[in-house]
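Have a look at this one.
Note that the chains take the letters A, B, C and D in the order they are written out, and that residue 1 is the start of every chain.
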Amino acid sequence: MKKGIFTIEQNVPLTDSVYRLRLAGDASHVTAPGQFVNIALPELFLRRPISVCDAAPGLLTLIYKTVGKGTEKLAVMSPGQTLDILTGLGNGFDVSLAGKRPLLLGGGIGSAPLYLLARYLRQQGKDVAVVLGFNTKSEVFYEKEFHALGCDVTVTTADGSYGTPGFVTDGLPENYSFYYACGPEPMLRAVYERAAGSGQMSFEARMGCGFGACMGCTRQTLAGPKRVCRDGPVFRKEEILWEA
Amino acid sequence: MGSMSVTLCGVPLDNPVIPASGTFGYGYEFAQLYDINCLGTFSFKGTTREPRFGNPAPRIAECQGGMLNAVGLQNPGVEAVAARELPRLRECFHKPVMANVSGFSLEDYAYTCAKLDREPQVGWLEVNISCPNVHGGGMSFGTDPKAAASVVRAVKAVTKKPVIMKLTPNVTDIAAVARACEDAGADGLSLINTVQAMRIDLKTRRPLLANGTGGLSGPAVFPVAVRMVYQVYEAVSIPVVGLGGVSSAEDVIEMMLAGATAVQVGAANLRDPYACRDIIAALPAAMERYGIENLQDIIGGAHHG
Amino acid sequence: MGSMSVTLCGVPLDNPVIPASGTFGYGYEFAQLYDINCLGTFSFKGTTREPRFGNPAPRIAECQGGMLNAVGLQNPGVEAVAARELPRLRECFHKPVMANVSGFSLEDYAYTCAKLDREPQVGWLEVNISCPNVHGGGMSFGTDPKAAASVVRAVKAVTKKPVIMKLTPNVTDIAAVARACEDAGADGLSLINTVQAMRIDLKTRRPLLANGTGGLSGPAVFPVAVRMVYQVYEAVSIPVVGLGGVSSAEDVIEMMLAGATAVQVGAANLRDPYACRDIIAALPAAMERYGIENLQDIIGGAHHG
Amino acid sequence: MKKGIFTIEQNVPLTDSVYRLRLAGDASHVTAPGQFVNIALPELFLRRPISVCDAAPGLLTLIYKTVGKGTEKLAVMSPGQTLDILTGLGNGFDVSLAGKRPLLLGGGIGSAPLYLLARYLRQQGKDVAVVLGFNTKSEVFYEKEFHALGCDVTVTTADGSYGTPGFVTDGLPENYSFYYACGPEPMLRAVYERAAGSGQMSFEARMGCGFGACMGCTRQTLAGPKRVCRDGPVFRKEEILWEA
C-alpha cells in the first residue's frame, strides 16, 4: 500500500452512471489485477474504494458507478484537480491459476477490474473468454476494449436488449480451465452454483479503512473470518461461505 | 526544543499520542507503512476470552464529520493474541503496548486480564466497559458506577499492571462512573468510547448497520470528548487518557489542556493510515506556536487560573 | 403529487418542517426574508417567567460539523412575549405557533405555561427540560425521570393545549425519561436538545465559551438524534418531534423513518436563514426519489418489516 | 439582508496579515457604512463576519485580517472562485450625526469600515479628520486611500515606528463635531474615556448567525440587551455599558 497524490487527466461518462477516471501519479504499488484503491474526497470522512481497471507506469485507470455521495462528488471533478489516494489495496486475482483457457465473468461495474486481468492473461498468451452481464443495452461498457485485447467476448443483458438474453450464467462457454468472477453478490452466488470447475471471486463490501485495520468489512469463510479489504477482495471458490 | 514525553500510570511515553483500540489492529498493518516505534504506545484490538466473529455486515456507516461502526469486538481470542499476535508485534514494536480487554462477565474480564498480565510487553491493561455494539456486557458495565467498580476490583485482583478503565460517553454523569472506578482502585481512565448512534438507509428504509445502532467516532464527537475529559479531570486524581475525534496536533494539545495525560487517536487512522505519525511530527511546531515548553506541563491547564 | 401534511398532537401541519427554538427568534427576522407561512410551524425562543439576559460572552464556538452555544435562555420574559412579540407575530404568521418554555422551578414552568395557555395563536407548549447552559434548572429536570414527570404534571395542570416535553440527550437512558413523561400525561416529546460539549482556546488555555461548557448542535449530532428518536419511538406511543443536525430534505425523511411525526431544524437556520424554506421546497422531489406518496405514512417506517 | 453569490475579482495582501478582497455581485443591500457581510466558507459551519470597506453597484470591497481558520481559508482563495455571502447586515454608522467636522478613529483592521464612511461624508462636503492607529509601521494600510478622499489623516503607531507615537487617543485633533470609532474593545474604551463630545462606536463580537436570530452576540447596554449583529454593530456612546 502507498498513499499518493494523483492528478485527474480524464473523467468521462461511459454510460448514464458509469465513468472512466484516468489519473496521473505513482501507480507502481498496484501489484496485481483485481486490487483496488481508496480515494479521499472533500467533506467525506471515509475514503471510497474503487477497483483498478488498468495500471501502467505513472497512469491509473478506474471505472466507477455513481451510487452515492462519494461517487457523485467524484463524477463532477475535472482534469487538473488532484486526489489523495491509497493504492495497492487488496490481494487481487491469482493469474497463476488461470490455466490455458481462463474465463472472466463480469457483472455490471464488476467488469472493470477484469480488464487489467484480461490484459495480463493475454500477455501470457492465454485464450481468454469474457462474459459481461448488464441489465440493459444502455449500460454496456468496455465490450470493444476487451475485444481489442483479443478476448472472446460475450455480452448478456437481463432484458435481452443486447447480446445474449439473460445473465452471465446464461453465457457460460463449453469449456474453460478456470474462472474469475466479479460482480454483485447474487451474480457471484449464481456463478458459484452454475459454473463448473474452480475459480476466484472478487467481493464488494462496505469498508471502513480499506487496509485491514478496522474489521469493518469482515466476511465469514470456510477458512475463518476474512477482511474483504485485506485478505480479499478476491477469494477462492473453495473457501467461500454464503449467508443463508 | 521542549519535551513531548509524559508519564502514564508510572510508565514513561516518548509522546502522548496513542492509536486507539480497534483502529490499529495489533499493529502489524501499520508497521508495514511506517516505524510504529515513533508512537507513545498503541492500544491493541479489543480482546476477549473467546474468539469472536463480531456483528454481521454492514458494520460501517458514514456521517458528517465522522463514521459509525458496529464491528462487535471481532478478535481471535486471548490465547491466539498471546500465541500469535504478541510475538509478531515484538518484532516491529519495542515499547510497552496497551492491552485492550473486553468481556461479558466479571469472570471474562478477570480471565483475559490474568492471561495478558503474564505478557511482558503489556504495559497497561485498558479495560473496555463501554462497547456500545455488543449485548449483555460491554457498555452495560460502563453505565452503572457499581457495575463499573465491580469490574475494576475483578481485574485489579489478577494483575499488577496499571489498569485503565475505558468509559462510555452514553451516560448522564460520567464523573460518577469515573469516581467509582477510582475508588475501586483503577490506576487510570480513558474516555470517550464511541457515542451510540444510528443512520437509516432511505432506499431500504432500514438502519444502515446490520446491528441497528453503532458507535459514532470522528471529529464530530471531539467537543463532547473535551467536555467529558474536563469534567472527569475535576472529579478524579488518577490520570485520564483523552480520546474522541482527535485528528491533529492542535487537538492533542486541546485534550491535554482539558486534562488528558495522554491522547488516543482513533477514527483518524482509518481515513489516513499515517495520521498518528503525522500528528507526532506536527507536535513540536504546534507546541512552539502556543508557547509550550514541555507537554507534561499543560495537562489540565484549562482548569487553572 | 403526494402530501407533506402530518398531524402533531391533533393539530394539522402543512408539512413537518419546524424551525427549532432558539434559532428563529420570535419569527420576525425571518419574516423579513421570506413568507414564513410556508413552515409547518415554528418553535419560538425559549421563554421564561422573568426576563433573562443570559450568559456572558463569548456564547458561541465552532467545531467540525457544527457549533457550540451557551446563550443561556436570553429572552424578554413571558409578559413581554405576550404583550410585544406575539402581536407582532400575528401580522406575519397565520398558523398555530409552538411556544417554547423554560423554567427553574415547577412554579416557573406552571406560571409561564399558564400565561401562554391564554394566547390563541399558541398551538403547542414545548416544555424545555433540557437546556445544558443554565444552572439550577433546565437540564436538571430532564436527566431524572421523576423530576421530568413532575414538570409534566405541573404544566398539564394549567393548560389544555398539547404539551410537548423537550428532552436532553445527555442521559444514560432517554427511553426511561420519555416513558416517565408519557406516563405523567405528556402529549408529545421533542428530541434531541444540544449535546453538552466544550472547546478550549489554545492561545488563552481557557474554555472558549464564558460559560465553560455549551451545547453542541449541527450535522455532527444528527446520527445521535436519529438513534434516540428511534429508541424513544419504540418506548412510547405519543408523537415524537425529531431534531438534531437536520440540514436537508433527506435528513427530514431519515428522522421520520426513525419515528418522528414532525422534524425541527435548528443550527442550519443560523448558517443559512433560508434553510427551512429550501428544505420544504426540496421535499417533494426527495419524496418522489424515495417512492414516498404521503409523508405521514413513513413515520417510524424503519421499525417495520 | 440578502443572500447572494459573489465572484472574487481580487484577493491581495495589504500587509503581512491584512488582505483586500474585491467581489463582483449584487451589493445593493449595503445601505450604510459600518455594515458587515457574513461569508460561508467550505467545511466551516459558521459564516465569517467581515465589515464592508467599500461598496458600489455590482462591486463589494472587504478588508480582512487573517486571525483564524476562516480568514486563513479566505486568504488562499483566488479570482474566479465564488462565495456565498449575506450582505447588508447590521445597522451601520448614522451619517446624519456627523456635523461639520466629523472625526473618524480606526484601530488596526477596524480602520476598514471607516473608508466607506469617509467617502459618504466627503461626498456631503464635510471636513473629515481620520486617525488610524496601528501597532507598527509594517501594519499600516489605507493611509493613502483616506488621503485620496481628501481627509485629514493622522497615523499613530504604538511602537513609534511611523507617524505619531502612541495610540489613536494620542492623535485626537483639537476640535471636531462628532466621532466615529471602530477597533478592538480596549481602544474603544480609551476613546470613550478620552474623546470629548458625542460619538458612535462599532463593536466586534463572536457571532452565531449574524442576522439577529441566535442571541449569540448579545451585549448589555444602558438601553438593555442588544444584539451586536442586528441592533449594532454600531452603538451610540450614550448607550454603551462596559464590563467591569
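The working rule: a contact is a pair of C-beta atoms (placed from the backbone, for glycine too) under 8 Å apart; a residue touches a chain by one contact, two chains touch by 3 or more.
Source: prediction; values computed, not measured.
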Distance from chain D to chain C - Cα centre to Cα centre, in angstrom: 36
CA centroid of chain B to CA centroid of chain D, Å: 47
Computed distance of Cα centres, chain D from chain A, in Å: 57
Residue numbers of chain B (touch at least two other chains): 61, 63-66, 219
Multi-chain contact residues (two or more partners), chain A: 43
Chain-level touch network, classified as line, ring, star, complete or other: ring
Listing of all chain pairs that touch each other, if any do: A-B, A-D, B-C, C-D
Chain D-touching residues of chain A, taken from the complex the two chains share: 42-43
Interface residues, chain C side, partner chain B - complex: 61, 63-66, 68, 143, 170-172, 195-200, 202-203, 205-207, 212-213, 216, 219-224, 226-227, 230, 245, 250, 253-254, 257-258, 290, 298, 301-302, 305
List of chain A residues in touch with chain B within their complex: 1, 3, 40, 43-47, 86, 205-209, 211-220, 225, 230, 243
Contacting residues of chain C [partner chain D, same complex]: 22-25, 29-30, 32-33, 45, 53-54, 56-67, 69, 71, 74, 218-219, 267, 269-274
